[in-house]
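Here chain A shows up in two complexes: once beside chain B, once beside chain C.
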Partner chain A sequence: MNKTLQVLLPPLLGLLLFVGIWALVAQTTPTLPGPVKTWASAVQLFSDPFYQKGPNDQGIGWNILASLQRVAIGFGMAAAIGIPLGFMIGRFQFLNAMTAPIISLLRPVSPLAWLPIGLLVFKAANPAAIWVIFISSIWPMIINTAVGVNRIPQDYMNVAKVLNLSEWKIFTHILFPAVLPYMITGIRLSIGVAWLVIVAAEMLTGGVGIGFWVWDEWNNLNVEHIIIAIFIVGIVGLLLEQVLVLLAKRFSYE
Partner chain B sequence: MSMVDPAIRSGAWAAGSDAPEKTEVRIGFIPLTDCASVVIASVMGFDKKYGIKIVPSKEASWAGVRDKLVNGELDAAHVLYGLMYGVQMGIGGQKKDMAVLMNLNNNGQAISLSNQLKAKGAVDGASLAALIKKEPREYTFAQTFPTGTHAMWLYYWLGAYGVNPFTEVKNITVPPPQMIANMRVGNMDGFCVGEPWNARAIRDNVGFTAATSQGIWKDHPEKVLGATAEWVAKHPNTARAMIMAILDASKYIDDMKNRSSVARIIAEKSYVNTDFDSIEDRMLGQYNNGNGKKWQDANYMKFYNDGTVNFPYLSDGMWFLTQHKRWGLLKEDPDYLAVAKKVNQIELYKQAATQTKTPIPKDVMRSSKMIDGTVWDGKNPKSYAAGFKVRQS
Partner chain C sequence: MEKYVQIENVQMAFGTKQGPYVALRDINLNIAQGEFVSLIGHSGCGKSTLLNLVAGLTTPSGGAMLCAEREIAGPGPDRAVVFQNHSLLPWLTCFDNVYLAVERVFGRVEDRTEMRQRAHDALAMVGLYHAEHKYPHEISGGMKQRVGIARALSMQPKVLLMDEPFGALDALTRAHLQDELMKIAAETHSTVIMVTHDVDEAVLLSDRIVMMTNGPAATIGEILTVGLPRPRERLALANDPKYHATRGAVLDFLYRRQLRQAA
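Presenting the complex of A and B:
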């Protein structure tokens, strides 16, 4: 009992403090809705999350699912390409030197700057949004995986040489287990970026999705719904990361 | 097709099948009061009468509408007149041949100024110009798209009072909610936008209406039904059916006894997503400028007006080109008349108008008197564009 209290108390206190500050700020800013008003609005919003009133008015649940689908595709492709690429860059010095300038050049580009390029190439809004997720979430995975490979103690590789292991055996028995923690860090960073970016991309491209939903509520200057959306985005992002951490733990050798 | 009277059908055009090539059309719209005719054509089922289904698709921004039209994600759109000509001429983007099928509305936009300016005595164009000269600082004005109608109304209005919108003030393109948010914190001095945003500025107590667009140009063209020329060439019958359905909707909306119910429909979350109160008054022509003046405006937002609203006058299209030239968006004088003839689909419109018994004006030009007293009638566009005292090129 005492132990659970010790675990739960600090986060609860933190949340309470946060809501308290929010309520205080809302008191002094008449246009900012406070926690009570926002909660009431959220309850109403979530009482019917899956209604369909034509293409321009769908429940909040559909919007979240639409965004998650885009993230899944974009992030999935980024992982499928970024992680193997990271391994190769970490393993082969030549490749590392070859790609280093490109990566350093493209990595800091603001995600939304990629959107017009996507629109030009794919000639459609949805693939362009997915492209933005792909291109923004691929970097942490490439870089972290490559760093992980680089950090493998030279002793391991020497042992591999002595035992005359094949490249495949090196990969499955040495590289992969040793790099896994780095890779997971990369994936966690990436999923965070992917979720961050989709909201912004959807604001510009329209259609069904939590991003355009926020935009539409902003068009209506409905501040309660905007705050609710901030929480939704935050909570979904947190859940995504936790799911990935769980998955990673299953595969971990520790 | 059985629903259409055969006598009308045979009279409209001579040969070939008139069946729509595409039965479901996606028409993009921006949540503004003047998207009404597109929405009503779909909601009230005027589209079915002509064998098509209109799917209104809410878009995030004018740039988004432009991109989706150009890359074919949208079949057509409720779009700014000037934007269509901007894309046609390749101003600030890819050049693409566009088609204006019909004009959707006249009037109903406005220029709002911030309450801070009001406190300093700037309540209309003349007093604003006086303040800008007397207390120079960086005045910021916003419009919705660089080549669009709101930019042109704003520039024309400032220019009419001797203020150069490019050198004497800062002008930026931002989405309407950002205009309100910026004006609230004193970051923005004025903006030109469609309703319900000007009414909203008053309701939110951040600004007031300094000028209506109908005060700048009575019965000015505004939003059009736009598509790419390529799409229209491939789907002429669908395009005609769209015009006919929207003409029917326009008639319905201009019947004043339907206006309140129309306002209620378009205020829904699917469409404009606002409270009914913010749109109804100005849709009925009941204006309140937020500065103590109330009036019934005879030139409120019109959607039909015996067909004079909808006819794609060549002189209207040419006017946007003259302004693009005036403000240096176009470097050279285009062949004004030839471009307008190419973009505005007069023939298609006439066929649709004949079928729906919509009166067709005799002339493809019309004569309009602007706020500064100049008359635009489509003649001598080159000297008209070069004749303004305040200009950029």
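Presenting the complex of A and C:
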């Protein structure tokens, strides 16, 4: 009992302080809604999250699901390509030297700079948004997987050599399990990036989605909804992160 | 067979920025089947390098090496290695670590039941039957090293190569494992090459002790035959003058003849 209090007290105090400062700022800024007003608005909003009144007026639940779907597709494709590519780059020095300049050149590019290319190639907003997620979330997975392969202790590779394991056995019994923790770190960073980018991408592309919803509410000057959106984005991001932290714990061996 | 492992005029040089560095030169050594040979020498004398050459993990820059009349062209399960730091795969249980080796060697000729029995037997031999479903991080350092030995033995290798197998263990555990290794080697008639820097360990376990000169360009300085009868018993040897004479000869080589050269 005492221990749970010790664990819970500091974060609760922090949150309380945060809400307090917010309330205080809201008091002095008439256009910014305070915590109470925002809460009331949120309760109303979430009382019917799945309504549909035409393409530009849908429930918040649909918006969140639409964003998650885009992230899932873009991130999924990035994982499907980035992780195997990372393995190959880590395993073959030649490929590493070949791809290193491309990766260092493209990785620092701001995600939204890719949007026009996507619009140009796909000629539609939705695939362009997915493309942005894909291209901005692929790098951490490539790099972390490759680093993981490089850092495999020489001992394990010596075991593989002495046992004369086949390339397939080396992959399933040594490479893959040894790299898994690094890979999960890459996936975690990638999901973070993907979720970070989706709001901005959707603001520009429109349609259904949490990012578009923020933009729409800005045009309606519904500031409560914008604040609610910020919290939703934060909470969903936090949940995605936590799932992957749990996954990482499951696969750590030491 | 008198020349089960043959090492002839082997030289090993590594390329460095300052040009080639000769680690080993003129190594000539024949090892008989069932013989227990220790390689001893100061740090950096290339004893581990020599072991890695026999293991096939590195290729010599000169000379020839044969094992059971076949040239050593690379690593293979006929020359099982017990690594200094156990090198168990942490994501596999003790049993699966051993089974991985068994499967590689006997996978084509035996069925699953027979291979599982082999892995069980190997773990039982090192006294770890009860711990076979534990993961490496759940057991002690001594137990890990035993699993490493079980893994090597399970492959029924022609030669067992050990690279300071007990170097990382405390003195009591080390003594215990030495006794067990002695017993196992006698039971299985294994041919063993062991790298060590422990004089007592070398005298207790070996039929012959290969003493190496200091590097660079290290070579075999002297080969001492340990004439102690088997089975050997640690406590009885403590008062055996022959044991002390052998021990004295190794110490003399290491600390009088080799240390002076190094300084």
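Assume the second predicted complex is superposed on the first by the 245 of 254 C-alpha atoms of A that agree within 3 Å, B and C clash if a C-alpha of one lies under 4 Å from a C-alpha of the other, contacts with A are read in each partner's own complex, and residues count from 1 in each chain.
We take it that a residue touches a chain if its C-beta (ideal position, glycine included) is under 8 Å from a C-beta of that chain, and two chains touch if they have at least 3 such contacts.
For clarity, every value in this text was computed on a predicted model and none was experimentally measured.
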{"item": "Partners on chain A (chain B, chain C) - clash or fit", "value": "fit"}
{"item": "Contacts of A:Asp57 with chain B and chain C, given as first, second, both or neither", "value": "first"}
{"item": "Partner chain(s) touched by A:Val162 [first = chain B, second = chain C, both, neither]", "value": "second"}
{"item": "Touched partner set for A:Pro177, first chain B, second chain C, both or neither", "value": "second"}
{"item": "Minimum C-alpha spacing, chains overlaid - chain B and chain C, in Å", "value": "51"}
{"item": "Chain A residues touching chain B - in the complex, by the definition given at the top", "value": "31, 53-57, 119, 123-125, 203-206, 212, 215-221"}
{"item": "Contact set on chain B toward chain A in their complex", "value": "31, 55-61, 64, 67-68, 71-73, 175-177, 180, 184, 200, 204, 268-271, 273-274"}
{"item": "Chain C residues touching chain A - in the complex, by the definition given at the top", "value": "55-57, 74-77, 79-81, 83, 85, 87, 89-92, 100-101, 104, 135, 137, 155"}
{"item": "Footprint of chain C on chain A - complex, ascending", "value": "155-156, 158-159, 161-165, 169, 173-174, 177-178, 253-254"}
